[in-house]
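Shared between the two complexes below is chain A, which has chain B as its partner in the first and chain C in the second.
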Partner chain A sequence: MDLSMVDRSPGNYLDLEDIVMSDSKIPCRSRFHLKNIDLHSVPEEFDEGKKIELPLWLAESMTEFVRHEFPKEYTTRFQSILRADPEIVNLHRHEPKYFAKGLKLSSEKLDFPDPRDTVIMLETLLEAASRRMLWIAMQASASKINQSKVECKLDDGEKVHYSQLIAQQEEYKEWKTGRTGIIKESKDRFKSI
Partner chain B sequence: MSVIHPSEIEFIAEDELIKVTPRFREQRLQMITGNFGPFAPGVPLKIPIWMALNLKNRGLVIVHQPKWMTEEKLKEWLESENADNTNAIAPLHYHYREISRMLLQNCRDNMSDITEIEQLVEDIWNVRISKLKMSCKNVMKTRWQMEIPDHGGVFKIDNFTQMEVNFIRGTFLKGLNLSFVMSNKITTIEQKAEQHMLGDTTNSSATVPTGSSAMSQFTQSQNQN
Partner chain C sequence: MSGELAAELIRDLARAKDSLPAYDDTAVREIVDESIALSNKNREDISSTAMNQLIQDSADLNDVTPKERSTYTNVCLRAAGIERNKRCLIAYHMKRLEKIREIRWQGGPVIPDHLRSNLSASERTYSHKYNRALAKLMRGSGDLDFTQIQTPPKSLYVEVTCVEDVGDVELENGDRITLEKNSRYFLPRANVEPLVRQGLLKEIQRQV
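Our next item is the complex of A and B:
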C-alpha cells in the first residue's frame, strides 16, 4: 500500500486498500453518557468512560463523543519490542497493514490524550520500517532462503516490496546469464487439465 | 516504483566504441551517431559495440580485448577496492559490467583469461555493491534518527556506475519516500502542538484590556501620536 495515499483525502476515498484498512477497529472511551447507540444491531447505552471498539472510519467522525486510545499494537510496550528488534516481529499477525494504520492513527481527526505519544509512535514506525526495509532487501538478495518464511512476517506493503525485489533479482540474474532475450510462456496462461 | 531493466542500461552501453580489425572492405558509413570506416581488411578501427557484435556474429571482424579488461588491471582494481572499506574507487570503465558481459558472451574466442576475468568482474561488482548498500543504510539511518549530517544532508554518489545505482534504486527510493512521509507527519504534529502551547501561554500571561478601557487607551495613544 502506498503510504502517501493514507492521509490524502479525498484522493484515498476510492482506494480499496485504504477502505479495508479503515475498517480495522481502535479502542475508544465515551466522553458522555450515550443512549440508544446502535452499534451491534441492538440499541445500547454507554456510560461515561466506557470502552468501545469502533472502526477507524467511524472513530474519526465521532471525535465529539469519544476519546481515542492506541490499539495494543501501537502502545508503548509493543513499540519497545519493535525498537529492540524490528526484523523478527511478525507484523502480519498483529496488523496486516501495520504501517499504513499507524500513519492513519496520526490523523488530526483522532483525539489521543497526548500528542507526544503520537510523535513517539511515528518515530518508532519510521525506524522500524526503515530497518525492516533494509532487512527485506538483504533477504531478497540472499540466494538460498525460504521466501514463504520471510513473507509470512511482513505487512501487506512490505510483501509488495519484497515481491518486487525478488522479481528485480531474477531480472538481473537472467540478464547476467544472457537469458533476457529468450521468449517465455506468459504467467497468465491457464493450463487446461 | 519502476526500475530500469539491466538490458536497457546495456543498450546505452552499446554505444561505447571498441577496437576491431575488419575482414571485409567497405567505404565510410555515415550514421546518426557518427561516421565509421572505411573498413579495410587488417586495418584496425573503432566502432560502436552494437556494430562490432553484429559484425562479429557474421564473422566479418575480430574484436580486440579492451585495454582495461585484462587480468592484471582488474586484479589491481579489486585490490584497490578491498583496501578502502567505505569509498568506491573510480571504475576502469563506466560500463564495465555491461561491456564485460557482452564481450565474454559473444567474443570468447578473441579473449584471453576468460574465467579469471569473469571471476574478477563478479568480485569487483560484489565489493562495490556492498559499499553502496552500506552508504544507503547510513543515509537511511540519519533519516530515522532525525539527524542533520554535518554536510547539511546533501549526498553525492561518487564513482558508482549506472548499473550499480540501478541495482539499489528500488529499495533506496522506497525507504526515502517512506521516511519523508513519516517525518513530514511528525513535523506537522510537533508544530501544531507548539502552536497550541504558545496560544495557551499567550492567553494566560497577557492582560488584555476589554471594553471601554481598551477604547480609551487606544484614543490616548492616537492623541499622543
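Our next item is the complex of A and C:
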C-alpha cells in the first residue's frame, strides 16, 4: 500500500462531524525556540523540541513551526493490539471518531518523522475496520442481543453503520409482514412540548 | 485559544441531532468579534519588510531574528483561527437552513410555535421564501403536493388513532371532522399523512 491510494480530499467543509473531529488534539514538537506565542490566553514560550498538544485543524496549519507525532491510539503499540483482536477493542473509550481521525492523520499537511509509519497505520486501520464491520453486521442480525453493550465499544462512524443495519433488519421484517408503507412519525420533534 | 467559541457552537448543534435549538445570536456575535480582533492584530504585525518577505515565502524562518520568527508564528496562528471561525460559522448557518427545509418537507408549511421561536429573523424570512418557492413549483406541476405521500401508498384510506386532541380538520372533499384523543378514524391518506408525521395521529398496523 502507498499513500497515493488514500483519498486525501479535504472532506466536507460544512460537515459538523468533521469539524468536531478536527478539534481533537495531536502531539507536536516545536521546530524553533519561540517566545510570546499567543496560543492560549497568556503569552507562552516554547523551547525547540518542546511538546505541545494542538487540535488537528491548527496542527495542519502550523507545519512550518512544529513537527507532528502520532497520538498514542495510533502508535505501534496500540496498533499491534488492534491487529491482534480488533473486535474486542473499545474504540469509543480511546477516540470517539477513531477511523475518521486515523484517515485525517494521513493528510499531506502533517509532517510525521517517517511516512512509512503512516502507511503501516493505515493498513492496520483498514484491516481492523474490515474485521469490525463483519462483526458489527453479525451483531446487528443476531436476535436477543444487548444493543447497548455492542454500541458502547464502537466509534461514532461504526455506531451510524450499526443503527442503519438494525433499521434495515426492521424494514425487512415489516416487508415480510406486509407492513411497508405505514406512515411513521417524523424523527424531528414537531409536537408541541 | 481562538476557535474555542466556534467549536462550542458546532458541538451544541451537532448534539441536537433531531431538533433545532435556538439560534445563538450571542455566540455568533462573539465569534465575529474575535475574528475581527485577530485580523486587526495581524494587520498591526504585518508591517515590516521582513514580515512581508516571510509571508511571501521569499525568506527562510532560520534567517530571521527570533522576534520576527515569533511574530510570524503569531500571525499564522491568528490566520488559522480566523479561517476556523469562518468555517464554523458557515457550517452552523448552513446546517440550520438544511434543518428548516427538512421541517418544511416533514411537517408542512406551518412551523410549530415551539420551533418558530428558535429561529432568527433571517431564518424566518428564509423559511417563508422557501415555502413560496416550493408552493410555486408544486402549482406549476399540476398542484401535486411533493411533500406528501413520499412512499408509494398501498391504499388511499388509512385507519388511524388519535394520540392528542387535534380539533377540527378539513378533508379534501370539503367535509370537516373533529379528531379527539384515543378515537379511531378511517380517513384519506393525503389528509392524515402530515398529522401522523407530526405525531398527532398514529396509523393502526394491520396484521397480514
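We take it that the second predicted complex is superposed on the first by the 169 of 193 C-alpha atoms of A that agree within 3 Å, B and C clash if a C-alpha of one lies under 4 Å from a C-alpha of the other, contacts with A are read in each partner's own complex, and residues count from 1 in each chain.
Keep this in mind: contacts are C-beta pairs under 8 Å (C-beta built on N, C-alpha and C of every residue); 3 or more make two chains touch, one makes a residue touch a chain.
In this text, all values refer to a predicted model and were calculated from it rather than measured experimentally.
Colleague: Does the superposition put A:Asp15 against chain B (first), chain C (second), both, or neither?
Modeller: Touch partner of A:Asp15: chain C, not chain B.
Colleague: Tell me the contact category for A:Gly178 with respect to chain B and chain C: first, second, both or neither.
Modeller: A:Gly178 contacts both chain B and chain C.
Colleague: So in the superposed three-chain picture, is A:Asp38 touching just chain B, just chain C, both, or none of them (first/second/both/neither)?
Modeller: Touch partner of A:Asp38: chain C, not chain B.
Colleague: Between chain B (first) and chain C (second), which does A:Glu64 come into contact with in this model arrangement: first, second, both, or neither?
Modeller: second
Colleague: For A:Gln168, using the defined touch cut-off, is the partner it touches chain B, chain C, both, or neither? Pick first, second, both or neither.
Modeller: First partner only, chain B.
Colleague: Which holds for A:Asp23: it touches chain B only (first), chain C only (second), both, or neither?
Modeller: In the superposition, A:Asp23 contacts chain C only.
Colleague: More residues of chain A are touched by which partner: chain B or chain C?
Modeller: Ranking chain B and chain C by residues of chain A touched puts C first.
Colleague: For A:Leu125, select first, second, both or neither according to whether it touches chain B, chain C, the two together, or no partner.
Modeller: First partner only.
Colleague: List the residues of chain A that touch chain B in one complex and chain C in the other.
Modeller: Overlap of chain B and chain C footprints on chain A: residues 178, 180.
Colleague: Quick one: in the complex, what on chain A touches chain C?
Modeller: Residue list for chain A touching chain C: 13-17, 19-20, 23, 31-40, 55, 57-58, 61-62, 64-65, 177-193.
Colleague: Note which residues of chain C are touching chain A in the complex, please.
Modeller: 1, 3, 7, 10-11, 13-14, 18-20, 61, 66-67, 69-70, 73-74, 76-81, 83-84, 87-88, 90-91, 94-95, 99, 102-103, 106-107, 112-115, 151-154, 158, 164, 189, 192-193, 196-200, 202-203, 205-208
Colleague: Can you name the residues of chain B that touch chain A in the complex?
Modeller: 1, 3, 5-7, 10, 101, 105, 133, 137, 140-141, 143-146, 167-168, 170-171, 174-175, 177-179, 181-183, 185-186, 189-190, 192-193
Colleague: So in the complex, the part of chain A that touches chain B is made up of which residues?
Modeller: Going through chain A, the ones touching chain B are 3-4, 7, 99, 103, 106, 108, 115-116, 118-119, 122-123, 125-127, 129-131, 133-134, 136-137, 161, 164-165, 168, 171-172, 175-176, 178, 180.
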